[in-house]
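Below you'll find the structures, each written out as structure tokens.
Heads up, the next two complexes both have chain A, just with different partners, chain B and then chain C.
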Partner chain A sequence: MKRILSISKYLFIESLRDKLFIALMLISLIITAGNFALDFYSQGIQDRIIFDFGSSLATLLGAFLVIYLITRHITLELDNKLSYFILTCETSRAHFVIGKWLGSLIFASFNMLIIFLEIFLIIYFNSKSISYLSIIYFYIAFLKLSVLSAIMALFSVSFSAVVAPALGIFFYFIGHFGSYMNFALEKSGNPEFVIKISEFLTAYILPNFKYFTAEHVTTETYEGAAAYLIYLTLYAISINILLSCAAVKIFSRKDI
Partner chain B sequence: MKNKVMLLLTIISLMVFITSAGHLKRVNGAPRAGALKSISANPIVALSLVMSKELRQVIASYIWLRIDEYFHSTAISFRQNREIVPLIKLVTVFDPSFIDAYLVLAHHLVYHLDRKDEGRALLLEGIEKNLNPPAPKVSELFFEAGWFEINLYKNTDEAILCLNNGLKYLSAEYDTDNLNLAIKLLSFLNKSKTDTFEVNLKYNELNKYFESITNKDNQTHAPGGEDDDDHGDGNSEHRYAGQNPWHNIYLFQRLKRTAFFYIITAITLFSILIFFRNKHII
Partner chain C sequence: MAQNNYAIECIDIYKNYDLNLNAREKSAVKGLNLSILRNEVHGFLGHNGAGKTTTLKMILKLITPSAGNIKIFGQDINGMRYLKGVSYISESVNLYDFLTPFELIEYYSELNPDSFNNLNARSMKQKIEEALDETGLLKWRDTRIEKFSKGMRQRLMIAACIAREADILVLDEPESGLDPDGIALLLKIITRFKKSSKTVFFSSHHISEIEKVCDRVSIIKYGELLETINISEYRAKNLSVEERYLGLMRGENH
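For the complex of A and B:
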């Protein structure tokens, strides 16, 4: 555990020193803060627009960071032999993969947390109301990023530095539009079994990012919202464990 | 031993994954399954139904920003502005919980385009879509529907029913000025029933009556909430029409607030950077 934490810690610090990420974070903060000028709309609309655009920006930034960081710190380090410094000491390959996964997730979540904190403060200063939705949505976005990180970790140990991010982005999109694919198949007159297979694939084989929504948390009762969040957490944890195990297994057998 | 632990972990995770995925599939698929089967070939409606709520809300918010611009920055009067109708309708398609879109569109249809039945039907649609569970601002739809009933159809019973429902679903988010007016309208209508006098006032007379009440109560409006009486004379141009949106009295105030927030953000960021620098992290 100590080794995993130290790998993730150094990934975090190294990323923090990267000027590109600092610039990205600053731009995101400035864009989000710009929403504070939107006071010509009514109170509810203004809060809503700030939250909508701010949370989309934060999630997109988080997804970009996770894809970039994991590709850079796993695939590229393996390619240019930098990872040998870690792997030749007592650290196992499993520690390496999980440490990199955890470090990327923590750094992306740290960036996202700052933007969500800004959204929270803008809404608070603007309408003197506490935006509980920001807190809940940050947690949901964190779970979503953890799944994306696990997918990227699996691809990074299996494919090259070009194919891995491309596949990651592809699955991220497919994960969001799975239900649209089912709908399109149904409307274009495909046989029943094709639709059933597609529904099964999008629900049980491909990670479905559409589940990571605050819709059911805001529209259902407390019990319903709590049940949804618990199932969502279990879903994300189980996918993370499955994909991490697969990544570790593949990486252990890989000839580097 | 290590492999056995990993295998056990994988099996447990697989079982948890199947259970949770099944539950999430059921919860996410249930609300839209019926709607998906019944929809027409309209691609926008179909697309909106399969998107996640966050994505639909972002699209609706973006369209709303454009609508606001078209409404207040063009040189045509409200009565001529028919192009805005499908655009606002699109907002309600993407996000049925966007109460303000229903209110603005219904008001525009009734008072500027003389399509009162469509306006009333739209409000009822909004109420239907936001009642289960009740949205925080659903009362606004009920109050507007009550106002339409008495103002357009002279239907006192229906108006009282709508206004009472509005009070029933009232939340803290509701605007106090509008609530005050709604309560006064309700008491006026209740009185009209018990004292057996007909509500047969025209819009302007009724409006004068309300103005007299609000003046008596010495009500003050919040900044920016000025009287929005733009539909009295349909042919006259709206006072903001053709106006540069930057030429308004709140510009300085708005820029001051934004500058203040940027300064706070910059100070916070520099503090974080200095903290990391002192810790020799960067």
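For the complex of A and C:
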């Protein structure tokens, strides 16, 4: 466990010193804060815009960071032999993959947290109310990122530095548009079994990012919302375990 | 139990690469048998593409042999999750650019807790600073590695290996990028490793350097071991390793 935490820690330190990420972070903070200038809306609508826009931007930034960081720290390190530094130490292949996965996830979530903190503070100073929803949504977005990072860990040990991020982006979008895809298949007159297979794939096999929204939490009762969060947590944990085990298994057999 | 005399043993190892061209396979290493004794400095010579790096990678568990066995101190590496007590310096000088030399060696120590015997923070700091001092990098201890030249990066990896003091040191053309001072430092470190009863396995193209520090040299051609030379015997007979190497490369057997 110590070795995994070391790999994550130094990935985090390295990323924190990268000017590209600082620039991205600042741009995201400025854009989110820019919504504060929309003073022609009523206060409630302004808060809603800041929350919706800010949280979408934070999630998108987190997704970009996870895809970029995992590709850079797994696939590219394998390509340019930098990985030898870790893999010739007293570390197993599992330490390497899980350490990199965890470090990337923590760094992306840290960036996301700063934007959510900004949203929280803007809403607090704007309407003197505490936005509990931004706290819950940060947690949901974190679960979503963890699923995406596990997908990326699997792709980054299996494919090249071009194919892995491309597949990651593809699955991220498919994961959001699964229901639309099923709808389109149904409308275009496909046989029933094709639609059933597609529904099964998008609901159970492919990671379904459509589940990770605040929509269900806001429309349910407290009990319903809590049950939904528990369900989401279990779903994310199972996908993470499944995909990281697959990534470790594939990587253990790989010639570097 | 009797102690095994060998630090590294390669027993009839093969490595085939699938070229994906009409299902042809290329053998990078063909039935290689190699034994490196404990506490010896063993050189590894061969032309470009002879299979030196492939052999080293198999020893380091970075690639899996297509056939055969590799043992480290008598233990088959197939059954190990990771290698213990083996340091490696590669020809590639890619390092973590946004870290400082001090942080890099600290990171290295955290990844090798058994070799560093879980030292406390103060002893660790002292050990790292001594290693940086010995390689002439102490004044750069807090400068990011991105500003380092190829030679400085190579020195930094040497510093990490000095701090670790592993039982086996594997070097793959470590002199590439080093200036004459750096090469002298490297040879000094290898000699020091030998004096402290460690084993060094050293691949290189520089025969003169190999002759200076090695006890034995193995020569490989197209993945096959041609000969293992005992340097002191050669010296006693006034023979030249370089001439023998060039002769073997030309195809002369005797």
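A few notes on this one:
To be clear about the criterion, the second predicted complex is superposed on the first by the 256 of 256 C-alpha atoms of A that agree within 3 Å, B and C clash if a C-alpha of one lies under 4 Å from a C-alpha of the other, contacts with A are read in each partner's own complex, and residues count from 1 in each chain.
Please note the rule applied: a contact is a pair of C-beta atoms (placed from the backbone, for glycine too) under 8 Å apart; a residue touches a chain by one contact, two chains touch by 3 or more.
For clarity, every value in this text was computed on a predicted model and none was experimentally measured.
In the superposition on chain A, contact of A:I13 is made with both chain B and chain C. Touch criterion met: A:S179 reaches chain B, while chain C stays clear of it. By the touch criterion stated above, A:I239 is placed in contact with chain B alone, chain C being left untouched. For chain A, the partner with contacts to more residues, out of chain B and chain C, is B.
Once the two complexes are laid over each other on the shared chain, residue contacts for A:K2 go to chain C alone; chain B is not touched. When the two structures are aligned on the shared chain, A:F125 is found in touch with chain B, with no touch to chain C.
Once the two complexes are laid over each other on the shared chain, residue contacts for A:K196 go to neither chain B nor chain C. Touched by chain B in one complex and by chain C in the other are residues 13, 17 of chain A.
Those residues of chain A that touch chain B in the complex are listed here as 13, 16-17, 26, 29-30, 33-34, 36-37, 39-42, 44-45, 48-49, 52-53, 55-56, 118, 122, 125, 137, 176-177, 179-180, 183, 187, 203-204, 208, 210-211, 213-216, 219-221, 227-228, 231-232, 234-235, 237-239, 241-242, 245, 248-249. Those residues of chain C whose C-beta lies close enough to touch chain A in the complex are 57, 60-64, 81-84, 86-88, 90, 92, 94-99, 103, 107-108, 110-115, 144. Here chain B touches chain A in the complex through residues 6, 9-10, 13-14, 16-25, 27-29, 36, 41, 46-47, 49-55, 57-58, 61, 64-65, 68, 99-100, 133, 137, 173, 224, 245, 248, 250, 254-255, 257-258, 261-262, 265, 269, 276, 281-282, going by the rule given at the top. Put simply, chain A touches chain C in their complex at residues 2-3, 6-7, 10, 13-14, 17-18, 80-82, 84-92, 94-95, 253, 255-256.
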